[in-house]
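Structures for review follow.
Look for subunit A in each of the two complexes below; its partner is subunit B in the first and subunit C in the second.
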Partner chain A sequence: MSVSLLSELLTDEFADAIGFVLPPAAMRIVFRRSVAVRKLTQAIRHSVVTEAEIRDFVASIVKSFKFGEGLTGDLALAAIAVAIERLPVDFVDEYLDALASLRLREMSTCIRIARECIKHRANLPKKEFRQQSYLRTRPGTLQQPKQLKIHLLFVGTKPKTLRSRSARLLKTVGSSFDKPDSLRLPTRPQSIRGYI
Partner chain B sequence: MNEFAGLLLLGPNDESIIVQTRKGNSVKNAIDPSPRKDQIDKYRRLLEKHPNWVERVPAIGGYNCVGHVWASRRTGIFEQEQIDIVFRDDGFRIVDETKELIHPGDLVAYWSTDHQHFLHIGLVVELRSAVGFTTSIPWVLSKMDATSGEVLHHFRDIDFPGFEYRFEFWTERQKLLR
Partner chain C sequence: MPELEYFVVCRHLSTDIETDELTFGGVLEDIFPIELPMYLERAVAISCWRLTKDELESDFQTILRVTPPGANDSVDFAMNLSRGRTRHHAIQSVFNIPMEEPGTIIFEALLNGRHEASHHVEVHSALQPDESGRAEP
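Moving on to the complex of A and B:
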């Protein structure tokens, strides 16, 4: 199943369905809308096709490289680039960067498509995830923390206001903490950036 | 990625020539290799789907549709930004078909309907009169991709899988000709 999804990219049927090779920006859309590429994306998402299988497949295509002659799997490599473009794994960056850094006329289509995919991958919507530190005490113990870090997520709030708010918060929580002044108030809330 | 490591060692071998717009801006281009047998076969299969196309040049490498109209068949121009530069720098304007006629030498550009993606360009070489029509119908000479041949076709006898398209006629003529 998984191997056939990849090898389908080398068939005449796939080449015919894709039609003539359009400029890279449009060609990327053609690939994205193609049934074979959509199936492959789903298969990769659900681990039906694994990274190792893709690597083996790519290696087998690269093996057939001949100087001065167009690479047979040029379209297949381009299709894989589009299929994996949106996946939030390091392998995708590795694949796209390696392909885009090549300057070989024998495989110009996949190189152009990879460059196009990188442009769009950089534009993917990002979401800031809230980062919190929790007390590292086991429930039930009375161990008092030396300092509680409160990550303030009042973006755009002036530092002064933040201090007074945190002071009020500490009053209500109790006096088991250090003085409010000793709280570290980050100027910017820290965040982990990640792809959706 | 280790699978491409061997290819990286080969070093760059992409070919290009100097292409500039009228304003002297450089246009990025690339000369692709000759088509493989499977690419020629694919071109022939796609040609069979369009029985009214007239082939002028069989499958050939080296240039694409944009290179055909703007680089005298010497190289291929692939990036949309470069195409926009040529349209702007070379003084092209859209022909308003309600006010003036299309002439041989004008260009027909195909875009996705949302105008986001440039798809194809061809050169109007003939105006054929048709029974029942008062205006002549442009026939276009174009090269479908970097490995196909050149074909003469009705300006609407073309399809782009995955795209609804719109077309525009462009000219560098300054005066309206009626």
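Moving on to the complex of A and C:
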């Protein structure tokens, strides 16, 4: 399915659906309204079409490039630019920047469309994610929680056994820290479960 | 300088696969711990920045500063805003924030070292279990 979605961009039916060559701003809108482009966008969002497949497809088009002759897949490259324009991945920036930086008459449509897409993409929010642990920034002061391990230790044990085990545990855990005094370990077993 | 549109800290965050819309879940305001000390397992801080077109090629650094209750000093989590965009969402997840005593966890958003906004989370006293095992404040 993924291959057919991409190869559909090379068909005469797709070219007919797009129609005449228009100024880039108008042509981008025509691409956006195209059923094939919208299907491709959905497929990429749901990982039906992958980045690797797009790279391979683009590479196969570019292989046929010849100076002085219009590129056969010019419209297809432009369609991909519009299809991926809003996706929040770095590959899109790479693709659009690479196309927009070219100065080739043979593939003028996709280059102008890519420049138009970059203008619109600049207005989209860039989402950057980071995940960090507070404790890693403070080595030696506190240890990572081991909640599950300690919790299992106390499941199904009698109160008397629990007290002796918790005393032993406190002793063991306390001695394994660099600064046991600063931890102020709780004395109740259920507290240990929540803290360690 | 970039303008801060909003800054919020919550427990969960999800992104719509179709529209890229963000959904914030469980905005952190009050924490009622069963016991203290304990850890806040996860907090997600979102700061949204708006740049002018003149600032697109400038370099900006945001810092999320976290100060747990009872801590003498804070911890900074830095992130650079990438160039070429007029809007940025800096989304930072911080795990295992220690809460050793009741008080306030202060999350601050800084831009190039300058304070822009803060989000305070109140950590209440630990709930004490009664004879039946139920926790009461």
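Quick notes on this structure:
Going forward, the second predicted complex is superposed on the first by the 124 of 196 C-alpha atoms of A that agree within 3 Å, B and C clash if a C-alpha of one lies under 4 Å from a C-alpha of the other, contacts with A are read in each partner's own complex, and residues count from 1 in each chain.
We adopt the following convention: contacts are C-beta pairs under 8 Å (C-beta built on N, C-alpha and C of every residue); 3 or more make two chains touch, one makes a residue touch a chain.
This one's a predicted model, so the numbers in the text were calculated from it and none came from an experiment.
Of the two partner chains, subunit C is the only one that A:Pro88 touches; subunit B does not reach it. Judged by the touch definition given at the top, the superposed model places A:Ala59 against subunit B, while subunit C stays out of reach.
In the superposition on chain A, A:His46 contacts subunit C only, with no contact to subunit B.
When the two structures are aligned on the shared chain, A:Lys119 is found in touch with neither subunit B nor subunit C. Between subunit B and subunit C, it is B that contacts the larger number of residues in subunit A.
By the touch rule above, subunit A contacts subunit B in their complex via residues 12, 15-26, 29-30, 33-34, 55, 58-59, 62, 65, 67-70, 72, 94-95, 97-99, 101-108, 112. Residue ranges of subunit A in contact with subunit C, taken from their complex: 42, 45-46, 86, 88, 93, 122-135, 137-138, 142, 144-145, 184, 186, 188, 190-191, 194-195. Across the interface of their complex, subunit A is touched by residues 15, 17-18, 20, 22, 33-35, 37-39, 48, 56, 66, 68, 75, 77, 79, 81-82, 84-98, 100, 129 of subunit C. Taken in their complex, subunit B has these residues touching subunit A: 1-8, 10-15, 30-36, 38-39, 41-42, 45-46, 61, 66, 78-80, 83, 112, 117-120, 144-148, 159-163.
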